[in-house]
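Each of the next two complexes has chain A plus one more chain, namely chain B in the first and chain C in the second.
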Partner chain A sequence: MLFLDELPEFNQNALESLRVPLEDRKVSISRLNTTVTYPSEFMLIASMNPCPCGYYGSQEKRCSCKSEQIKKYVNRISGPLLDRIDIHIEVNQVKYSQLERKEKTETSQEVKNRVNQARKIQLERYQEYRIFSNSELNPKLMESFCKLNSKSKKILEIAFDKLGLSARAYNRILKVARTIADLDACAKIQENHVAEAIQYRSLDRKYWNNR
Partner chain B sequence: MRLEIITIEDDRYPNQLKEIKNPPKQLYVRGNVKLLKSNIISMIGSRLCSENGVKLAEQFSRGLVYQGLTVASGMALGIDTIAHKTTLQEKGKTIAVLGNGFKHIFPKENIELYQQIIENEGVVITEYPPEEKAKSDNFLARNRIVSGLALGILVIEAMYRSGTSVTARLAKQQGRKVFALPHEVDDKNGIGTNRLIQEGAKIVTCTEDIIKEFPFLSYKVPPKKKEKEIEKQKKRKICKNKEYNEIYQLITEAPITLNEIYQITSKNIAEVNHILLMLELDEYVKKVAGGYVCILDKK
Partner chain C sequence: MLAITKSMALQGLEGYLVAIQVDISNGMPDFQIVGLPDVSVKESRERVKTAIRNSNIEFLSRRIVVNLSPANTKKEGSMFDLAIAVGILIADRNIKNSNLEKILEETIFIGELSLNGNIEKTKGILPICIEAKKLGIKRIILPKQNAKEASILKGIDILPVNTLKEVISYLNGKKKILKQENTDVNLNHDVEYEFDFSEVKGQQSVKRALEVAAAGGHNCLLIRFSRFRKNYVSKESTNYFARYEIRRSIGNYKNLQYTWINRTRKTTYYQKTFSKSTSYYYTSIFSGRRKNSKATERLV
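Our next item is the complex of A and B:
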């Protein structure tokens, strides 16, 4: 597990070099005479602020950044890298009162059970293909396992058009939708699974690059 | 819309502009020429504007349009762009003054805006022949037209020693009223405006403050808040799907996050997510930084 806090603060070259291991799950190191390849299977988690001051879009405090600065800051994360990250989620500031309040929440144990259940489904499904999870699906396998009904296709089509999603996001959305369906213990991907998966690509959206 | 050349002897040449020290000998004009003789307020501000500056520019553009004034600016990035765009959105009249010829629209980002201004009864003018390219000297010269055309200029944001401040001082020399928005002392984008106020610019907090300076204009009171809210209720679209409507009703013009919506409703997060996407695709709501807001009917 690799966790990068404040993603845009990292050196751009370092970030870009993550692209290959994320895609191929291998790292190749070239020295004078030899090239050594190591396996590199990891889960990448990263966090970032919406702008340099951290308050863009906040209801509590005014953002003091200029629009150009915000653009520059967000653009430090390149499109190709962003495409290799399956799920983007925006979170808001937590107020003290919220820390204390008791709201409907799921416990970690419950979440764990759900995740294990979904993993089991995937392990069984992919037994004969020598892979373990949805993330390892290749385009060919996706054709048979990530089939969409006509309604879902329609949603996806409109979403691509209206939300300005990148074409590269397509496969990611399908895989995430497959996982959401697994969590639901659904054999087939339904519209709501696709819809939820689309919601998890907020950084691809037009609004983010609007100004 | 074809290109017209208006010389200083032409009847259509704005009288206001003739009064300044070095009026342009001719204007190249595309669009609604009549606007040049309307009551104009020029809005100026930084190219690198803050989010708050954007909000203020939108608010004042809306206010000026409601009062029936024409909003002029320089079609640069930042505040200028916001002034033109908001005015067009509000179906108001806008004038863009360029520092280059028509064959070399600058900045490139605003080519679309340039078309929109001409198509929506606005007007774009420049003193330079079509072949003239954009260069920095021209922009300083352009600013004298931006202020010269207008009854007064409104400065939204200005940094210390910025082009905006220079334009404001120029306007003062031309005998134009200078209006400036007050900013917090430590606000970098407000140093220029605060200083202008020190130098005698009129401090404004609302459109009424601007109107009051001109005896021949009368202030139209905008509909009261309550009426406004009713109007907004009307303007809100009606969502026929019952299941979606429950969520739609929670979304107002103030951004609300997915989590907040989830906490209020009886639905689980996946359902909320699904419905939000559908509402977004059907253009009932839109996602902005900080959450979801509703889209109002523009009719």
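Our next item is the complex of A and C:
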């Protein structure tokens, strides 16, 4: 797992060179007379501010950046790189009432058990195909494993028109929906799974669409 | 006489077979290693010579040529030492065994020699063993310290050794080397987490997204608003909070230093008029605008 904090602050070249390893899951290094290929199967988790001041899009405080500044900051993450990230999520501020609340929330162990269960389902399903998780699905396999029912197709269609999603985003949504269904231990993808997956894909329009 | 032993090297994360051809002939005493060796391989000349001598074997100075085949790929590392030493001993007719050829055909030697004849651990044993198994090699003789790493692999004999002497007596058919038992890797051991999800207040949607990401191996981007980190972990999780506090105190320290430098250069108007502690504070904040005295006065 690779965690990159403050993603736009990284050297642009370094970020762009992540594209191939993210797609091919291996990295090739060419030297004078040899080419060496290393496996690089990793999960990328990145975090960033939406703008230099850090409040663009926030509901609590106003952003003090100029629009060009925001554009420049956000565009350090290129479209192709963004496309390769399946899940986008906004982290909001915690309200004081939430901080004071004493109720018990899930421990890491409980979450881990669920995750392991979902992973086990995937491992069994993809036994013959030499892949280990939903994120590695290729379009051909997706056809057979990510079938949608008519209702969820309808939802996806509406989302497609309203959000102007790309073909790549479509594939990502299906993969994430498959994972959510696995977490629920459902053999087939249901409407709520698709809806949740679409939600994880709607942020790039909010922040990146104003280029 | 010519002797050929087998060893393996790494290219990236893939092992490949290296045949080590040793020839000893009459002539001027010499020891050459050819086949694109780098410095660490070339230096093995001294290690091998001394290790053989310190294993109580007479080592006559003769003309020795060692070729590392394939000769057109660069070789690095010290893992060829053992194979070179064994090759020299065979070429020097120090090892006698009717089955020798068959044994050499089925065996791979890996290990770095120290001057007293001990065999030291080397890097990258597991990929080498995997490749050796693919090539149909029957056994690998390797340093004892590496045996545990190699024992994950099934279907190939792992023979761990400590000294060159053990290898010699094994090849002479005098003594057997105990096989390393297979061990399984246990990936499911429970880890105690420094931080626990239950300590994070609120942020249900983020937790859920990270759970989905973990379950499917998806990449994930968190877009967070400022000050998130401060609120992220609740009061109880001291570790994260402590780090935040440290960062803040470092910031204060820098400001103090800055004012101190300013003071030594020139005592300004407001530093004179205000008490020491407040002047520290204001100089640190307004130091950028000192020349514009009207503005500073107003601000003060």
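By our rule, the second predicted complex is superposed on the first by the 193 of 211 C-alpha atoms of A that agree within 3 Å, B and C clash if a C-alpha of one lies under 4 Å from a C-alpha of the other, contacts with A are read in each partner's own complex, and residues count from 1 in each chain.
By definition in this document, contacts are C-beta pairs under 8 Å (C-beta built on N, C-alpha and C of every residue); 3 or more make two chains touch, one makes a residue touch a chain.
Keep in mind the model is a prediction, meaning the values are calculated, not measured.
Clash-free side-by-side placement of chain B and chain C is the outcome of superposition onto chain A. By the touch criterion defined above, A:92 lies against chain B and chain C together after alignment on the C-alpha atoms of chain A.
Annotation for chain A, partner touching more residues between chain B and chain C: C. By the document's definition of touching, both partners, chain B and chain C, reach A:180.
In the superposition on chain A, A:58 contacts both chain B and chain C. After the superposition on chain A, the angle chain B-chain A-chain C between C-alpha centres rounds to 130°, nearest 10. Applying the stated contact rule after C-alpha superposition, one finds that A:158 touches chain B and leaves chain C untouched.
In the superposition on chain A, A:114 makes contact with chain C only, not with chain B. Shared-chain residue A:49: touches chain C; no touch with chain B. Contacts of A:67 after superposition on the shared chain: chain B is touched, whereas chain C is not.
Of all Cα pairs linking chain B with chain C in the superposition, the shortest spans 6 Å. Residue overlap on chain A between its contacts with chain B in one complex and with chain C in the other: 50, 57-58, 90-92, 104, 180, 196, 207. Contacts from chain A toward chain C in the complex involve residues 7, 22, 29, 33-34, 36-39, 43-50, 53-55, 57-58, 60-61, 82, 84-95, 98-99, 101, 104-109, 111, 114-115, 118-119, 122, 132-136, 175-176, 178-180, 182-183, 196, 200, 203, 207. Across the interface of their complex, chain A is touched by residues 11-13, 73-74, 190, 193, 195-198, 200-203, 205-207, 209-228, 231-232, 234-235 of chain C.
The part of chain B that touches chain A in the complex is made up of residues 48-52, 54, 78, 187, 189, 254-255, 257-259, 263, 270-271, 273-274, 276-278, 280-281, 283, 286-291. Against chain B, in their complex, chain A makes its touches with residues 50, 56-59, 62-70, 90-92, 103-104, 155, 158-159, 162-163, 180, 184, 191-192, 195-196, 198-199, 202, 205, 207-208, 211.
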